[in-house]
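Here come two complexes built around chain A, the first alongside chain B, the second alongside chain C.
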Partner chain A sequence: MTIAADPALAAGARSERRFFLALSLPALVIVGLAAILPILWIIRQSFLTTGGEYTVGNYEKVLSSGLTWSALITTVELSLGTLAFCILLGTPLALALASVRPRVANLLMAFVMLPLWTSILVRTYGWLVLLRRDGLINAALTGSGLTAEPLPLVYNFTGTLIGMVHYMLPLFLLPVYAAMRDIDANLVRASASMGATLGQVIRTVILPLSAGGIFSGSMIVFIYTIGFFITPAVLGGGKVNPLSIRIERTLSTFQDWGSASVLGILLLVLMALVGAMFLVARRLVARNKVGAAHA
Partner chain B sequence: MLEAYPDNRLARILLWGFSALAMAFLMLPTLVVVPLSFSASDLLEFPPRAYSLRWYENFFGSATWMAGLRTSLILGTLTAMVAVPLGLLACISMNRLGGKTASAIQGVLLAPSIVPGILLAIGLFFVLAAQGLVGTLFGVLVGHVVLAIPVVCIVLLPAVARFDWNQVQAARSLGADWARAIGGIIVPQLQISLLSATLMAFLTSLDESVISIFVASGRNSTLPKLMFLSLRDQIDPTIAAISTLWTAIVVIVVLIVTLRQKS
Partner chain C sequence: MSRLLRISLAAIAVSAAVPVYAQSVTITTAGGDYGNAMKEAMWAPAAKELGYDVREETQSDGLAALKMQVTAGAVTTDIIHLGSPEGAQAAAQSLLEPLDYKIIDPNSVPAGAKSDYCYPFDSYGTVMSWSTKTYGENPPKTWAEFWDVAKFPGRRALRANAQDLIEIALLSDGVAPADVYPTLSTPEGLARAIKRLEAIKPNVSVWWTSGAQSAQLLKDGEADLVVTWNGRAQTVKADGGSVDYTFKGSVIGTDCLGVPKGAPNKEAAMKLIAAMTQPARVAKLTDFIAYGPVNPAGYEGGLIPQDRLKTLATAPENVGTSVFSNADWWVKNGEAAQKAFDEMMGR
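For the complex of A and B:
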């Protein structure tokens, strides 16, 4: 490799590398200014009084307030509830999609993706129309005599959960569907020919082989739902107050930038914790698999 | 996959019935809005007793809604105009550098897409407040550009990876400068991907609501911000009209993108 040793060429390669590095610079600068700097600013602001002096008072105030802890609990409840329904609804749907001919599956996927491409405000409005006291669903329920009184379906936890599941289901479905589509259909055929029932095949072949997809989908659901704002703000009707809503209220009603920042940091910490938990879980599962293979 | 079980009718019916319900659940809120938008009534009756275009007239006749629409369209266009060139340059850079450097750059550029919108929004609000820029179009624009860059990169990275770099080497050795090489060789060949990226960046901005809610104000309020405020106060059927138009536009844009990618 005498060519690489040529100092002139090596210098040329170095300057070319610098040039390519510089091409990323504008994008990096704007992400730095409009995403990273703001997060750092939240950290700084959390240690400032309204007068601009350093303090830990904001932390004492926020962490000693019962409202903070109930917001934290609501956040986790909403995320876990959304996750549970996504798994319950999304896994069979993914299995059905993976079982049909590709042409039909693609068409059905387009319908699944439609909500993903619809504005969250449009969807929230749709749910309001459906779930209100005099909304479509209550009209159908009371009209058919299933319930005597309209059910309280919106402006509460139920309504918020419905809206969030609706938002997250397509995002959960994508990795699960991808994982199931990649399963070798011959495995299912082999199991069937050996006398396995459908239940056994689902339990011992399909679900274990799509566990990776379900895992990724769950992580996506958690990471997204922790910071959800629009859905609880509209469908919660002021009665559902996760961290995101508390942040907004602290900022716009009480003008308390310091406390709002502390709540923001809580949100970040929660996200980091959940992310770390998922990564550790994945590593443990991977190790068990390796262990099982060696045993 | 389940064709090995053609006789298990109960399981199939359960699976399919269940999936049909899940599909209905996914489609219903988007579809229910369409007939309501053509209702003649102030009430949200379903099905509407009489049809009219009054909510569309209401939307197009309202100075506030029109200002919101104008702001959103301007913002979407500017976002695409800034995010696509920045994203393209970054994708070329990542493709050429490779290895750990490229992964690090990608990590930074994609990070905003997993940070909760509410955190970006209040952080941006603080930073802009310190500069006296809250409520300006510029403030919302930088927020939207940061959210559009990951989308642009996801579309353009594979396209750049498919590009045959020898063509640029050849052009360079024949004396073309970098601007000429990028503008004259890379851009024309990535045309279709660049169009997709542009539309996606535009949609990302059009759809974004949380940053707008916190950072935009007054004349610079975007359509999603106005919709959010209106949804919080009362249920105005005008929103059904906006929603229907909106969904129609998005479906058309997504169709264009998918069809062009296929061809």
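For the complex of A and C:
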């Protein structure tokens, strides 16, 4: 407000903005070349026949195919499933990490981060070794007599979900942990001193104050998992076919670049929709919080 | 005099420098054991003979890579290794140069396998393999028995692709090998094959997507009955896996070598294809991997040891009950067949 009142300061602010814009220009150029241009190319491709003429036939073909919609449903099921398990497993873990001494937290954090630094391919095949019929888990289960028959843990939806949750958990954890660590410990003490039980503290103090982190984490998980390919391809046993696998098949079996581009755009639209939903939801939550604080 | 000496020295230097720039050729293979086998048996000795400098690139999906290079106008490879169905598809999309039959001998390939664009050099069978742990001395012997889950209970693994499977489905339904393609060419025939696959679907525990995966499934005992390529089954068997397989009712496919449209070294590529597919070299390939020569001359003169013949799809005694995969049929009907297959998978 005071800046607007003083013309000299306003000019300074403007030139500062220009300076920062100039600083970010190289990054913008790279994003433009590496992200925007290919997307434009894909959009153009989606309107071309294999012969190179313009058509809307690709859209008709893809959108009228039941395979597209079942792939879309599988994609959303996988993403929602992964998100649900990340929230269930990640939130308590973040809470535990945020409440132990910093040195212990750092050590535990290293364990969380270790898998993040391992190649996704290695981790996926690692799960194959653990989960398959004569794998470690089934050998332990049947060996100890807990189950008579090996459980179908892999080459299906379950196996795919396990692999995806394992991959996404650290990425979910980071923003949630950051948000929880920043909660003023005095707030927790204050609520406890006024007789709040542990459950009440978590519900009324910690969760609302870390909601931003949980939202960020959820958005990362959802948007990442929408495009997952390797995990369903390796752990799904041909039975779990999200959009990414549909795209690969359209390309490698049919060489149908037009339809594959349409599927890619569908994926992009799905991501944009989900991203927009998260942003709106976050704004609503923030407003409620402010409202609650004022009340 | 000294000037003449200098000129002649320069001339000698230039002429000596020229052979250093050997003709270079880039070949794209599938890599892995197969790629190495092709290198050791086929193109490395041929390159040495021709004095070529050959560079290898690997691509698990040759056709997609080929299409990318040709449509982008940035062709870097001179020879590409494809499955014959992909070769026929590539030819139909004019992604390949016609083979130069002045350089390559057109009579080295049996009439049924001939192609104007992609030279077939080796063969494999899509075969039935089984765990000897599960079935011992009494495995299923025909595709009809493979489908008989009451008599042969066990977990099946099939490829997540219509190719070869729809032929096998018809064989399992009592169609004679010679009638497979005439039957498939009718809409009812394709529907019949798909229905047959749908019947076995509840007993399929894995739909595999790569040959390596099918070998792993056999090795780990993840599946008891696996439809796979004979080379993969043979490798697992040779490594001591409790696995066996049969060529009875196999669908025989060929792999081929083509020259991408606009390849930088077209003529050298044709010469290298001719040299690397000489009978002795395609016979030598079977030292490394059980893919038998398409050129019948490969089986002559004892180039391949007698005991290996039973591991090769095209060996004279193996061909009887098999169906030769028809690349032209697949180019024409492949998309419809695959779509019907994918819809069956989604049901």
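To be clear about the criterion, the second predicted complex is superposed on the first by the 254 of 295 C-alpha atoms of A that agree within 3 Å, B and C clash if a C-alpha of one lies under 4 Å from a C-alpha of the other, contacts with A are read in each partner's own complex, and residues count from 1 in each chain.
By definition in this document, a residue touches a chain if its C-beta (ideal position, glycine included) is under 8 Å from a C-beta of that chain, and two chains touch if they have at least 3 such contacts.
Quick caveat, the model's predicted, so the values are computed rather than measured.
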| item | value |
| --- | --- |
| Room on chain A for both chain B and chain C (clash or fit) | clash |
| Which of chain B and chain C A:Leu251 touches, first, second, both or neither | both |
| Partner chain(s) touched by A:Ala10 [first = chain B, second = chain C, both, neither] | neither |
| Which superposed partner A:Pro92 touches (first chain B, second chain C, both, neither) | first |
| Partner chain(s) touched by A:Leu67 [first = chain B, second = chain C, both, neither] | second |
| Greater chain A contact set [chain C / chain B] | B |
| Contacts of A:Lys239 with chain B and chain C, given as first, second, both or neither | second |
| Residue range of chain B overlapping chain C upon superposition on chain A, of 129-137, 183-191, 201-209 or 237-245 | 129-137 |
| Chain A residues contacted in one complex by chain B, in the other by chain C | 132, 134, 233, 251, 257 |
| Footprint of chain B on chain A - complex, ascending | 17, 19-24, 26-28, 30-39, 41-42, 45, 89-90, 92-93, 95-99, 108, 111-115, 117-130, 132, 134-136, 139, 166, 169-170, 180, 183, 185, 188-189, 191-193, 198-199, 201, 206, 223, 226-230, 233-234, 244, 247-248, 251, 257, 260-261, 264, 267-268, 271 |
| Of all residues in chain B, those that touch chain A in their complex | 1-5, 8, 11, 15-16, 18-19, 22-23, 25-33, 36, 44, 46, 82, 86-87, 89-90, 92-94, 96-97, 101, 105, 108-109, 111-112, 114-120, 122-127, 130, 142-143, 145-146, 149, 178, 203, 206-207, 209-210, 214, 224, 227-228, 231-232, 235, 239-240, 242-243, 246-247, 250-251, 254 |
| Partner chain A, residues of chain C touching it in the complex | 61, 63-64, 67, 89, 93, 160-161, 205-209, 220-222, 334-335, 338-339, 342-343, 345-346 |
| In the complex, chain A residues that touch chain C | 50, 66-67, 70, 132-134, 152, 155, 233, 237-239, 241, 249, 251-255, 257 |
